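The two complexes that follow have chain A in common; it is paired with chain B in the first and with chain C in the second.
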Partner chain A sequence: MTALTTDTPSNTHSPAELREKKDRRRAIALLTPGLLWMTLFMVLPMAMVIYVSFWTQTTFSVNSTLTTASWERFLSSATYLGAIWTTLRIWVIVLIATIVVGYPVALFIGLFVRNKTLQTALLVACVIPFWTSFLIRVIAWRPMLGTEGAINVILMKLGIIHEPLTFLLFSEFSVLVGMTQIYCVFMVGPITFMLGRIDISVIEAARDLGASFGTIFRRIILPLSLPGVMVGSIFVSVMVLGEFATAASLSGRKTNLLGNIIVSQVGSLKWAFAAVAGVVLTIIITAVIALALRLVDLRKEM
Partner chain B sequence: MESRILRPTLALYTVLFLLFLYGPMIVLTILSFQSADGGPQFPIREWSVYWYEHLLGFAETSRVSQLPVGDSLLRSIVLAFMTTVVSTVLGVMSAEAFRTRFKGSGPAFYLIILGMMVPGVLVGLGMALLSNTLGIARAWWGTSFVLHVVYTYPFAFLVMLAIFNRFDRTVEEASLSLGVSPAQTFRRVTFPIIFPGVLSAMLFSFTLSYDEFARTLFTAGRDLTLPLAIYGTFSVEIYPNIFAFGVLTTLFSFTLLVIYGLLMKRFTSKASRYSGQEDA
Partner chain C sequence: MLTLNQVSRRYGGATALDGVDFVVPENTYMALLGASGAGKTTLLRLIAGFEEPDQGTISLNGARIDGQPSHLRDIGFVFQNFALFPHLTVAENVAFGLRHRAHAPLTNEAEIKDRTDAALQLVSLTGFGHRGVSAISGGQRQRVALARTLVCEPRIVLLDEPLGALDANLRSRMCDELKAIRERLGVSFLHVTGSETEALTMGDQVAVLANGRIMQSDAPDTLFSHPGNAEAARHLNAWNIFDAGLCRGDLGQGPIAVRFDQIDVSAKGTAPSARPSLQATYLTGEFNGPTALSFFRAADGTLLQVVDHLSQPRLPDLVEGQGYDLHFAADALRQFHGAA
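So, the complex of A and B:
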């Protein structure tokens, strides 16, 4: 119907066009409050971060005289540049770890479990830990990894080690383990979803034609699950890059991410430095999301 | 057949994965029953519920200061409730708007989705800077609240979008062409169909806001919300009272989940009863 009327020579008062106009007006009216909210409380604060990064920082306050002093100090400081490097390193490791740890689980739940009830039960089992407060889940790693923690106690009881392992807690290792555990469900979910949509007859056809599981995996399962990996990667990336609580709690202040820099700078009222770190973090995250969105159309996958 | 080796291997792997997910919480639960003189580690000196009493304020004066749970819990629940109402309303409205294709829908979609992508510490910092500059006092019911909605509204929006995508428009059109007013149609036809989605959106918004911490850290001002109270203990030594607290909040969340499940079940059984009547 609509296609037909748009094909005919334009008549500004055609009912279809009128209706389209009315629909459009209605859509805009419905969207305005939400978009206004996002502009005022998300875009404006972010613009403020960029603006303040060029303010002048005095000992305990900032004033709006524009300067690049904070930027120069940030980019010439080994601590801050080190924080960028640490953030990127931890992000890459956690991202890979969540894929490696999560993919086989998703493969099992999404493809090997054919019983719908069991499938749902397993997914629910993966999500249940999220009903515990995020900070509690972080702190729960302390009694697990500490020198008198569960892992050391068990390993010593079994006689595998005689001295408690000290690298487990208050190190980069504990941060990586904690983040992998907390975020890998965001990888399992999207991949399982994509794998669950695979038509099983396609795989059966390939098997009937003599393809080995390796071939089926490489040629069918992996390509079809890649959008799920991408969506999961976006989730994990934005969360890990903006992290600071896990590092603050589990690294013993040894691991400083950009988020930790922001928190400590705000704590000592160095607003301009915090803003610089914020802008750097924004640039990194924007680059990562832009890259990911080139590879996958988020709107289509939802 | 490789599947004969592969399936048990993957099953075993999944079990190990679940152990990895649950391990820390199990250990934390065990240690929450530590005795009064025990620390936040093994061994358990003596099983007791001392730290639960301590948390609830029943314990005698002790070396460990009590967690500021009472007031902050109330604040967190009120804040989560406010956030739930606003973000669900915004989410339903926006998803309804997206049912018609219109110019600029792409950028609008991404502007909304950005809310769940932007790290909390960044918008928190921006909001703190903004309120400093404009001279607005920071408060959990003001500056924190608006940021919580920025975070939860995209989730509510996506849930509703998924619901509307599976929605049969002709039902609504039938109602409208029979002369029922748009408001009545929404209340009697649209809303009952989308209600499970609305419930899910509310559940999402509530739990995300209740647990939200990065967005609150710089914007809450003087009065702490629950996650901030927990974060405060990070810098000092931890005691098993925080473990007891972790167990109790988890139970609280499960209660919410059960209420959600019951509401869902009640609603869906009611819906199927109606369709049953139609058949008869």
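So, the complex of A and C:
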């Protein structure tokens, strides 16, 4: 036995401890760039925005005397509370529309196309509109929806309508259409991913047990793809809630989102007021994401 | 009774099944033996209705079932990978068919629970109902898959290499249990496997599938001792198949087969003159515990195997690379006529 025991000097660390130390150092090294970035460009600016929201706003300037005046004005103004309501309404409608349009597309790509290459090709095809700039994609809806636009011209030629439909452009409708088109792909991607992971034999097993396609969809496919719907919803929510460009170019200034308020307040140098709107928007987005994460445990599903 | 009549299935240019004629009688454990890629799974998928045959008919108890949607065929399918529903508990998995089938679903929760519990008891999983399917072992998942299929009382149960994903110990235990469960239920099982031991152990009848056809379908002992053709003999992994022309004595031409355990070995030139014999070079030996395998190479390159049982050794001491006489009783050989 004595030949097998080796004396380790008691003053140094054991190999296990050294290894653990090394692992911890590596973990910290990996975390550092992200942490630095988040601190410099998220935590600090966020703190600054909250701070500025309590500054004193005069007509053309802002000074750092602390006051709650901007908050009081924001929360007592029907216009601004209306903007919150509009933002939430448009968010809910666009979210539902992207799910309604995106889910069948994802179902087709993820489940009915069994060829992996074709799957990838179709997903890429969904992203092709993103090769042009955001603004062009939004503005392209004008010749489509306008009174002299494609849809009105076609409907008039077919004799279905006699007067051009005016609600199509420069209305909340056009904002909804534009946003649904732009953000749909962020819904399609995650859902396709989750559907693609469903083992085809699980669906065959359900069929073999006597379930019709409708039942299989409700009981197997839908529950298994819900995490994808949740991830897609988070993507869409974050982008829609912070939107301003689509509303600015397609609503004819009739639809004011929180994002539009921030833009116009910054434009007129009302920094404190813009900061209030920014904080409110951040709170709403945080609440929405927290809610979504409560509904689905992503760590378990991914 | 399940009857397949001239069933063919092609994938592009490749023919998976080429005119299969096959009968699974009532109340039978039928084992279907075939090499991987022989079309075993395709055959099951055609019966279950996940795919349709290009030609031929499939009928169950006299009524044609090909062309019917698979969820109306009333056939049980146990998948090789179990295919359990990952988001449901064990009990919900088992109750799925009762609750959600299109034809006559059960709505009485008490009845569903009773039948689910009975099915879980049948596969010795009482008390596991509330568990998630990811929280049980591979063998238990296998039983859940079986219970899920059996609870619907299908007219026939198809098992696609059901023991393939289990380790050897569990496999032999599940063998016994599958047989016992089937006998209790009185329904026919069609069990597909690539292992000849599994097929011979499990089957009341064993069918050999090769080259897209059923080569032979017989009771296991008949199949083992009297394979009807070279393909069937090859799949049993117990027969040497070689050309009759290699042997001394007038055996004619064409392939013949002699079982591994029916060949004796003597030093070169000392084979008894009354027995057919051939010369071969000893290559190497393989020790398997209760038996030992010796490999020989015949003059035309055919590999020959001889089994020796440790309790009754009958081979002399063999030297690698040296030539020996292999001989056997004249009635031990099987001669196949027609195509090999």
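The criterion applied here is as follows: the second predicted complex is superposed on the first by the 283 of 302 C-alpha atoms of A that agree within 3 Å, B and C clash if a C-alpha of one lies under 4 Å from a C-alpha of the other, contacts with A are read in each partner's own complex, and residues count from 1 in each chain.
Convention: a contact is a pair of C-beta atoms (placed from the backbone, for glycine too) under 8 Å apart; a residue touches a chain by one contact, two chains touch by 3 or more.
Source: prediction; values computed, not measured.
Visitor: Just from the overlay, do chain B and chain C fit on chain A, or is there a clash?
Guide: fit
Visitor: Taking the superposition as given, does A:Ala78 touch the first partner, chain B, the second, chain C, both, or neither?
Guide: The answer is neither, since A:Ala78 touches no partner chain.
Visitor: Determine, under the contact definition given at the top, whether A:Ile160 touches first (chain B), second (chain C), both, or neither.
Guide: neither
Visitor: For A:Ser212 in the superposed arrangement: first (chain B), second (chain C), both or neither?
Guide: both
Visitor: Would you sort A:Leu66 into first (chain B), second (chain C), both or neither based on which partner it touches?
Guide: A:Leu66 contacts neither chain B nor chain C.
Visitor: Between chain B (first) and chain C (second), which, if any, makes contact with A:Phe108: first, second, both or neither?
Guide: first
Visitor: Taking the superposition as given, does A:Met144 touch the first partner, chain B, the second, chain C, both, or neither?
Guide: first
Visitor: Roughly what angle, nearest 10 degrees, sits at the C-alpha centre of chain A between those of chain B and chain C?
Guide: 90
Visitor: Is A:Leu35 touching the first partner chain B, the second partner chain C, both, or neither of them?
Guide: first
Visitor: So, does A:Phe244 touch the first partner chain B, the second partner chain C, both, or neither?
Guide: A:Phe244 sits against chain B, while chain C stays out of touch.
Visitor: Is chain A touched at more residues by chain B or by chain C?
Guide: B
Visitor: One more residue to check, A:Ala290. First (chain B), second (chain C), both or neither?
Guide: neither
Visitor: Taking the superposition as given, tell me the minimum C-alpha spacing from chain B to chain C, whole angstrom.
Guide: 5
Visitor: Under the contact rule defined above, give the chain A residues that sit at the interface with chain B and also at the interface with chain C.
Guide: 212
Visitor: What does chain A use to touch chain C in their complex?
Guide: For chain A paired with chain C, touching residues are 199, 201-202, 204-212, 215, 219-220, 223-224.
Visitor: Quick check on the complex: what are the chain C residues that touch chain A?
Guide: 48, 50, 70-72, 74-77, 79, 81, 83-87, 96-97, 100-103, 105, 148-149, 152
Visitor: Report the residues of chain B in contact with chain A in the complex, numbered from low to high.
Guide: 2-3, 6-7, 10-11, 13-14, 17-18, 20-25, 27-28, 31, 40-43, 90-91, 93-94, 96-98, 100, 102-103, 105-106, 108-109, 111-115, 117-123, 125-130, 132-133, 146-147, 149-150, 153, 157-158, 161-162, 207, 211, 213-214, 217-218, 226-227, 230-231, 234, 238, 242-243, 245-246, 249-250, 253-254, 257
Visitor: Where on chain A is chain B touching in the complex?
Guide: Listed in rising order, the residues of chain A that touch chain B are 23-24, 26-28, 30-31, 33-35, 37-49, 52, 101, 104-105, 107-109, 112, 122, 125-126, 129-137, 139-144, 146, 148-150, 153, 181, 185, 212-213, 234, 238-239, 241-245, 248-249, 259, 262-263, 266, 271, 274-275, 278, 281-282, 285, 289, 298-299, 302.
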